[in-house]
Amino acid sequence: MAQYRVLIDANDEKGLVHKISTLFYNKDLNILSNNEFVDRENNKFFMRSVVDGEIEYLDLKESLSKVLPNNVNIEVIKPQKKNIIIMVTKEMHALGDILIRHEAGELEANILCVISNYSDLKSLVSKFDIPFVTISHVGLDRVEHENKILDCLSRYKDIDYIVLAKYMRILTPGFVEQYEDKIINIHHSFLPAFIGANPYKQAFDRGVKIIGATSHFVNNNLDEGPIIAQEVIHVDHAYGWRDMQRSGRNVEKIVLSSALKLALEDRIFVYANKTVIF
Amino acid sequence: MAQYRVLIDANDEKGLVHKISTLFYNKDLNILSNNEFVDRENNKFFMRSVVDGEIEYLDLKESLSKVLPNNVNIEVIKPQKKNIIIMVTKEMHALGDILIRHEAGELEANILCVISNYSDLKSLVSKFDIPFVTISHVGLDRVEHENKILDCLSRYKDIDYIVLAKYMRILTPGFVEQYEDKIINIHHSFLPAFIGANPYKQAFDRGVKIIGATSHFVNNNLDEGPIIAQEVIHVDHAYGWRDMQRSGRNVEKIVLSSALKLALEDRIFVYANKTVIF
Amino acid sequence: MAQYRVLIDANDEKGLVHKISTLFYNKDLNILSNNEFVDRENNKFFMRSVVDGEIEYLDLKESLSKVLPNNVNIEVIKPQKKNIIIMVTKEMHALGDILIRHEAGELEANILCVISNYSDLKSLVSKFDIPFVTISHVGLDRVEHENKILDCLSRYKDIDYIVLAKYMRILTPGFVEQYEDKIINIHHSFLPAFIGANPYKQAFDRGVKIIGATSHFVNNNLDEGPIIAQEVIHVDHAYGWRDMQRSGRNVEKIVLSSALKLALEDRIFVYANKTVIF
Amino acid sequence: MAQYRVLIDANDEKGLVHKISTLFYNKDLNILSNNEFVDRENNKFFMRSVVDGEIEYLDLKESLSKVLPNNVNIEVIKPQKKNIIIMVTKEMHALGDILIRHEAGELEANILCVISNYSDLKSLVSKFDIPFVTISHVGLDRVEHENKILDCLSRYKDIDYIVLAKYMRILTPGFVEQYEDKIINIHHSFLPAFIGANPYKQAFDRGVKIIGATSHFVNNNLDEGPIIAQEVIHVDHAYGWRDMQRSGRNVEKIVLSSALKLALEDRIFVYANKTVIF
């Protein structure tokens, strides 16, 4: 028995569910879970099914293509550990949370390596027998630095996701384009408020009563990529910006780990700079 | 063009989605939204679809019965205002919230009347030109009192829901049986904590840091019916139990109104003393 | 026995608490509650005490002035109902919530009148025997319209707060200056995100997973005044912007009523475009 | 310059704040922060001040005793790392969160050792160069097992707190008495709901829409000790009990770490089986 995650998105038209469910029925597949959503404004159809049965990957993929219109996107995915790269700067909490989950066997992922522009976190990562690569940006312009990172990445084939676990440098369009919808960032504010540097200081100066964190895919507009997950906590006048930063870390790490989990379980569709999440 | 909400629950078996979606396709129905859930532990299938098309109510209902196995529950519902009765005692907040929503046209409901064992809220209800009936319990035993209420209810046919908006008396099994899964209560605690009288006092005495409210269908075990919605707020040592009660009112009214909205939109399945909510 | 709320703010210096508490002690006053905060960055001291005892208002006020440095702000307030004006446009939920609380005796306030640029809500307000004044903006420029409102306000002396319960027009600096830190607004977004018109549409377009509402004092920068209270709710891809708007109403009304309650209980200090709230 | 945390609790009487603040003033101490609370029902006064100045510990302690009534509890604490012992069974998340915070320098604590009745977590703890002691309960009765643990604990003097980071055995009264208000537990439910074993299964069976976690001091009634912190998350019908357990872990670890932080910063008063937290 094989289990598959089937992700389908298309321009909506009558009969899509009928065609897909009829195929599942004819192939004697068991539907373990099924989610659909139609964005009526944009006339887009999304469906994620988990099925199992006696069927080969290629047979299922091909059969779906045959019964569905040409312009439909079909993904058939065997649940298995995905390969991820983590990029960090100096802060430990978001990385630490992922390492502990990985160690606990909670993540459907292999951590291929951790890359940083500083060596501060090497000691932590080494405890877990995961490669740590320091690629300093000192004396390099942005592109030179990224080329070194790309060199490093090129040593790994099949990178499914790059996780920016408080990587504090902005990536160039050239870099981002190579990993479209594959780079997951945690921004330490409740986007779209407080885009850019030191959002806790910005939040403090504005006197907000709630702070938050946002995990999103990275695209070429700073902190403007499709949002995957957000969470908030209440603060009051007694919080200085460093208190906000300290409390915010709890939210940051939980939100990033949640977003990563959604990605690893193939639960996210990206379109129109938004996400549909099942 | 008619719009229908189709609610189906059944023992799970292969082909249900296929059969239903094929019927929708053949009848040329447009699926506006579609939710499914399979409880694998109990092998139960739930589906709620909103469809529109050129079809008569009876034709759709009958066609579904024909293609589906015998033991499947099928409900086809035309979206329209439901008839509700509200029962209260003396507190104004939950009732007031429903009255304002009703006045604002937010509720898919006609309020047939408000029944109370006291006349305190008559003045408020009368402002909205809604009948208010005082049925005092003084000098009556529980069954005698309820018989008077049942008399009053019998004047209305087609009562879809009875909403207990802080009705502070326990209903007898005889009463509850006549309105199975039709009586919606708000309990002023985060069930199953603090069952019974004065939950805020109980919560205060226990020194909790969070209080809440629970809306549930009423069955014959006190505060044990299927839960529809819950919400909480944080409190601290500075809250006396009356402060908790005061703050709790915000949660109570929002939770009750949310649960009522779910019911009016036919989004709730009840089974195994739980709810499935789409 | 008289009860007073004593609000003191000053540049921080040693001995303030000592001087104040010694005075309370010498005057044989009972401290019912006491809150202090020092903003170390700005070297500002804030204190709110509730005291009771056998003392005249003037005696307490004068005695405090004598023991404290010259530049200290001292407010001594007898708890009593405050006078408020509510301004609305067409939406009912925020106004309705205040009216119900007022009717339930929950608010320490007299509602002097409700002013609107439309007459839609007149029917609701009239039910509660509260004056409703329609001051249409049609055919008037902004200042002409506001002058008519100011005329209306001038009929009431001692207006403590003006509550903008979804008043959808921007007030001019001339208007705002006359009621500094006295106008409480509800903005239907989690400020500072989505400043300006139709924030739910903006939130929807950005694909956020959380929406919120912010109550703040109005100053002369649009949606930039000192924040009093904020709250949020989770949304997902299935929410169109009208769904967000509908769900957001629950948050809006609760946040505005909470902020109003804080103001009526004299719990808010405003400084540096922020609030300290006890 | 020395900094001290001054914690005072007493039966409330007039003049306490006056006496304390006058002493601080006379000793030329700077009040960095100050919190007070009076429980009017029980007539209890609580105060936590952080002060700095040129003063010796003994002088401050003694001076306070002299000016205050006899039955007042006075604690003067120099901020410094506290000594903690962590007890675990097999689950990694709560322990891992503390280890990462410790490694990041976020905790005001030395972890003296980790004790477990299983050796599963030895590998993790060893990475951080922290002693791990396995004390199996197999073949021992409860008291014999605890005596072995007490033996181990006796090797460390000055244990400030024992943290039960998912230690899944019930401690006997004999054990608990020796560490009154010093054992911090995380219970994986929103107490007082679901006391005892497998609360997630209980929550699932009850069909709740919110689950939570509670950190509390341990006393001799199972899950009945004074509550320090609680937090919740929303769930729905699609969550099996293992899903609840998985999601609950995020809440458990954050709540336990938050409670520990409050304890390490001397922010908690315990009385009447409750906590006052500043």
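For clarity, chains are labelled A, B, C and D in written order, and residue numbers in each chain start from 1.
The rule is short, and it goes like this: a residue touches a chain if its C-beta (ideal position, glycine included) is under 8 Å from a C-beta of that chain, and two chains touch if they have at least 3 such contacts.
Since we're looking at a predicted model, the values are computed, not measured.
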item	value
Intersection of the contact lists for subunit A and subunit B	C, D
Per Cα centroids, the chain farthest from subunit D	B
Rounded Å distance between subunit B and subunit D, as computed from the means of their C-alpha atoms	41
Mean-CA-position distance for subunit C and subunit B (Å)	35
Junction residues of subunit D, two or more chains touched	37, 40
Chain contact topology (line, ring, star, complete or other)	complete
Touching residues (chain side subunit B, partner subunit A) in the complex	14-15, 17-18, 21-22, 24-25, 28, 30-38, 40, 234
Contact set on subunit A toward subunit D in their complex	92-93, 96-97, 99-101, 103-104, 106, 124, 127-128, 246, 250, 254, 257-258
Sites on subunit C touched by subunit A in the complex	37, 39-41, 190-194, 206-210, 212, 226-232, 236-238, 240, 272-277
